[in-house]
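Two complexes are shown next, each including chain A; its partner changes from chain B in the first to chain C in the second.
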Partner chain A sequence: MTPASSPRSAGYWRLRRWIDNLAFAAVLVVLLAPVLFVFFWVVSLSLKFDIDNTAYPPIFVPPTPTLDNFRRLFADTPFALYFWNSLLVSGGATLAALLLGVPAGYGIAKSKAHGLAVLMLISRMTPGLSYLIPLFTLFQILGLLGTLWPIAITHLVITLPIVVYVMIGYFETLPPELEEAARIDGCSVWQAFRYVALPLARPGIVVGAILSFIYSWNNFVFGAVFAGRTTRTMPVAVYNMLTFEQFAWGPLAAAAIVVMLPVLFLTVLIQREIVGGLTAGGVKGA
Partner chain B sequence: MKTLPQPAVGSSRRPVYFWFVVPGLLATLAVIVFPWAFTVWMSLHEWKLGGTAVWVGLRNYAELAVNQRFLESIWHTFYFTILAVILPLVLGTFAAVVFHRTFPLRGLLRTIFIMPMMATPVAIALVWTMMFHPQLGVLNYLLSLVGIGPSEWVFARHTVIPSLALVEVWLWTPFVMIIVLGGLAAVPSEPYESAQLDGATRWQMFWKITFPLVLPFIVVAGIIRTIDALKAFEVIYVISSGGPGTASETLNLYLYAQAFAYYNVGTASAVVVVFFAIVVALSLVLLWARERAKWY
Partner chain C sequence: MATLELSSVRKSFGATNVIHGIDLAIAHGEFCVFVGPSGCGKSTLLRMIAGLESVSGGEVRIDGKRVNELGASERGLAMVFQSYALYPHMSVRKNLSFGLENVRMPQAEIDRRVAEAARMLRLEPYLERRPGALSGGQRQRVAIGRAVVREPKIFLFDEPLSNLDAELRVRMRAELGALHERIGNTMIYVTHDQVEAMTLADRIAVLRDGRCEQFAAPLELYNAPANEFVAGFIGSPRMNFLKGTLAAAGAGDASVALAVGGEVHATGLTAAGAKRPTAGEPVTLGVRPEHLQLVAPGAGQADMKVDLTEQLGGESYIYGSLAEGATLVVRLAGQTRIERGQSVGVDFAGSSSLHLFDGEGKALARRTA
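And now, the complex of A and B:
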């Protein structure tokens, strides 16, 4: 920019600011266009009949929008069952991760003993696939194959590190004076945790729970290996649709939307925390 | 318990808090550490799933060292990783600078921008599969609008890895943006004010002030992105399954084929160990780079 001291007319500066804003808006459009286009395109595909979906040149705005693809999805495939499976697996794995991970995060934050945290950091460097053969063997011995248990238990590989990381970060920001006061008033360590730290940490728990639910819901590999016909999770079901119905683009797009909708909704709920970096340690599991 | 109040700090502190960690630690040992140990053990055995394991020492590793398909998969992994790290770093940093400014609707637009990294990768991969279609796909149509000829995308050997990396860039640029945005929030405003008085251009201010200050954050994002790109699986598996032929078969896909298509558990486990060594080695190099970045 020119030095502020140089004499320019007010008109020059107004024009200059106007051009500046226009250029900035153009940059925003360029940044957001790829994101918006992909989401727009999947919605567009899901609302059109397959004749329109495979037309060339492509039809962007559905001439006669239809919900038929969604109706077919739930009528022709057991998609409601898969949705329920995903809900059980991700809900269960998240709940278990909270029970185990919230106290662990508290213990680590208080004792500054980061051994477990380092273990989990290393677990993040390991490909998710590498857990599958050993756990597959283990579940075979335990006779759990063919149920939802192996899927839910392996999802702990994703959910537990997320919860522990978010909770360490959260408990470290809580002022220690409150628990110390409780301890002086005669609370045990457990009571200070249960009645002082835990209620204060509720926002952190909510964020950790939502994040671990999202990444468990999104996981494909564990379900792909462990799931049978009736224990498929949503991402596995969507992948199977792709391999069997390559050109049923309408139902495929509808399936993609049904899978993504819950996590995108949850993302909106915690977008402030995601952008604020509170969750930086937790984002994306194995 | 109504015992005498204890001072909050003291020698008894560690053992007490240790019990909070025990359940989580046990679960970690069961689902994370046990598989590691078991994998190393298996990598020293010849074992087809369902059969019995035979001790073979380091033979699995020796065979990998001369296995053409395995060595090519390492090259594919690096090629894919370089693209899927550099491009999100550049675009994500740029996006962070943009979203650091205040403008109308910033919150909403920022939320839209981070949607890709939260969306289900399999579903996104499915959408891109349809967009990549050489005859009916929308991408070739969009290219034709700006006068560029059609591409074969994931259906040709020389374009498949860049095409897959494109999806990965789309998915994970927001992640870099968030980390760098966190760095920008901590940058003080004084240097900019004095630079402006000295007549610095916006470009100069970015390179001389902003970039050095957020470089440590860019490096952190680079480390995490590198680990994740090396491990990338869903996008490649769903869109190209490593094809055409084995043109886009990365280490992770080779691992999957060995373990769950051929049931060569021993070989697959050796691949995991080599894979892990590569990830750790690269992470250490990048961590070293981060230490260096601090001296800027």
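And now, the complex of A and C:
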């Protein structure tokens, strides 16, 4: 037996795997460093006193962490109201998108009407600003300005295409035999949708809902145009803090954290749901 | 009572015609099998009967009533899919009861039927499981059970056993036969497995390219195929075909000059179609492997060189080649000493069963054992 073909020891393979993992982690860190650093810096800012925030050389880890910025944020500004506004707008727009978008996605997937889906995408890609002025006039005539309605309704432009697209993808992967079996079992088209397709598409619904909520939550432009003083959504509120309280880095960072937290939480949640393979076992080989 | 009639049923997907006018009348309680090569339209025809595919032309009648316009949910049929199509998010019990709940059947009756089907198909231990936690054979039984509980007018099966391993397939085949015996409903069964077709069917419809080539009882298909296609499709290994010309034709006998040389004089023939054989026309001689005899070289009508012998213990198959690329398969009972490379004579004239087909493949005359 030549040395080249001799089996390597178990220790060699353990070391080898360890090195591989280390290299992989290093690459990840390099790729994610810009994002991670910004995130870290915001967290750091939010936990420091103002004096430390503008210190030079910069202080990365606060010597005495404080929640004072968060306290000031909620005490001095109506940030709780803005949070509630955002929740209503994004929650409402997502709910409405689910009610309309899930059946729409089903219809498009089953009738293979991909033209409709593309049409929807075009409306999504059109710059929001191009139709904001006519919409502004429209809402003015309807007397809805100053309420949350215009923001929630315009957010459908964001949430509906997301839900429809995600649902098309899910419904297309459902084996058609399942609904055919339901039809033969005496279901109407609606019953087949309600009792077979819908429960099986639950992971898709969750994913679509979370994605559309996140995008709606982060949206700035619709809120910026339609929001009055009491109907600001969070991104708009953060922006306003930036302009009027230029040097209050601490509360600003705290606000940014509050905006980010739900998104962070939902992102973690969505990862679990995407993995779920609910259709396993229904059709042979699936 | 449930009868099914198809009259000149046609189907086209856009510009492509898939079913070209099929007429069938299936009696109550009959077990009817559709066979045919892949892509011939078996599934499409079955789905049209089920109401899952629209009918492009002709009429589908159940119990004499036109159902072309009725949706799948209103036809009162049950179907077992090749892929089973069990509802993965429902327990086995719920899978069985789902169709009954849809028609608002009283709960007591639902429970009774589910229990009975579960007992019959030995599904009782699995009733609370999801389909994902069942083996292939168990899923298959759930799919059949889902059809059974509905007590449908007609059962439709689309290759229900093709996903099972050989042993399980044989067992489920027997169970399906027994099920039909017991409940006696009309059943329509699609398969491309001839053994399934021959063993289960009361009558078999042989389909090719969207046309029905012959609709008859299994042994009738075997003994009196209407044309060369049916003759070749039914029976395994397939019937041997040899080209030739009709040298002479009498009332009950004919002489065929084989293209590979040699002449076969066959007596005791009966006419198979309306057409009378005429001397000089090109014909095809068909003999099944089990009806050929091997004799000493030169003693038969042709000699062949043995290419391969398959010994199965109880029977043997001899594959040989004649002149001009023609090949023959001969089945011998028991075991054989014949070896590859050997030369043997083949006797056609003495065969207990012979078929003559005309130039278009239509049966002309035959002698059956």
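List of remarks:
The rule is short, and it goes like this: the second predicted complex is superposed on the first by the 244 of 286 C-alpha atoms of A that agree within 3 Å, B and C clash if a C-alpha of one lies under 4 Å from a C-alpha of the other, contacts with A are read in each partner's own complex, and residues count from 1 in each chain.
Note that in this section a contact is a pair of C-beta atoms (placed from the backbone, for glycine too) under 8 Å apart; a residue touches a chain by one contact, two chains touch by 3 or more.
It should be emphasised that the depicted structure is a prediction, and the values quoted were computed from it without experimental measurement.
By the touch criterion defined above, A:188 lies against chain B and chain C together after alignment on the C-alpha atoms of chain A.
With both structures placed on the common chain, the touch criterion links A:63 to neither chain B nor chain C.
In the superposition on chain A, contact is made by A:39 with chain B only, not with chain C. When both complexes are overlaid on chain A, the residue A:28 reaches chain B alone and has no touch with chain C.
Applying the stated contact rule after C-alpha superposition, one finds that A:175 touches chain C and leaves chain B untouched. By the touch criterion stated above, A:123 is placed in contact with chain B alone, chain C being left untouched. When both complexes are overlaid on chain A, the residue A:199 reaches chain C alone and has no touch with chain B. Set against each other, chain B and chain C touch different numbers of residues in chain A, with B touching more. Common to the chain B and chain C contact sets on chain A are residues 180, 183-186, 188, 280, 283-284. Within the complex formed with chain C, the residues of chain A that make contact are 175, 177-178, 180-188, 191, 195-196, 199-200, 278-286. Of all residues in chain B, only 1-3, 5-6, 8, 13-14, 16-21, 23-25, 27-28, 31-36, 38-39, 42, 49, 94-95, 98, 101, 103, 107, 109-124, 126-131, 135-136, 138, 141, 170, 175, 178-179, 181-182, 185, 196-197, 199-202, 227-228, 231, 233-234, 237-238, 252, 255-256, 259-260, 265, 268-269, 272, 275-276, 279-280, 283 touch chain A in the complex they form. Chain A meets chain B in the complex at residues 1-4, 24, 27-28, 31-32, 34-36, 38-39, 41-42, 45, 54, 56-58, 96, 99-101, 103-104, 106-108, 110-111, 113, 116, 119-120, 123-138, 153-154, 156-157, 160, 164, 176, 179-180, 183-186, 188-189, 193, 214, 217-218, 220-221, 225, 234-235, 238-239, 242, 249, 252-253, 255-257, 259-260, 263-264, 266-268, 271, 274-277, 280, 283-284.
Within the complex, the chain C residues that touch chain A are 50-52, 71-73, 77-79, 81-89, 98-99, 102-103, 130-134, 136, 139, 146, 150, 163.
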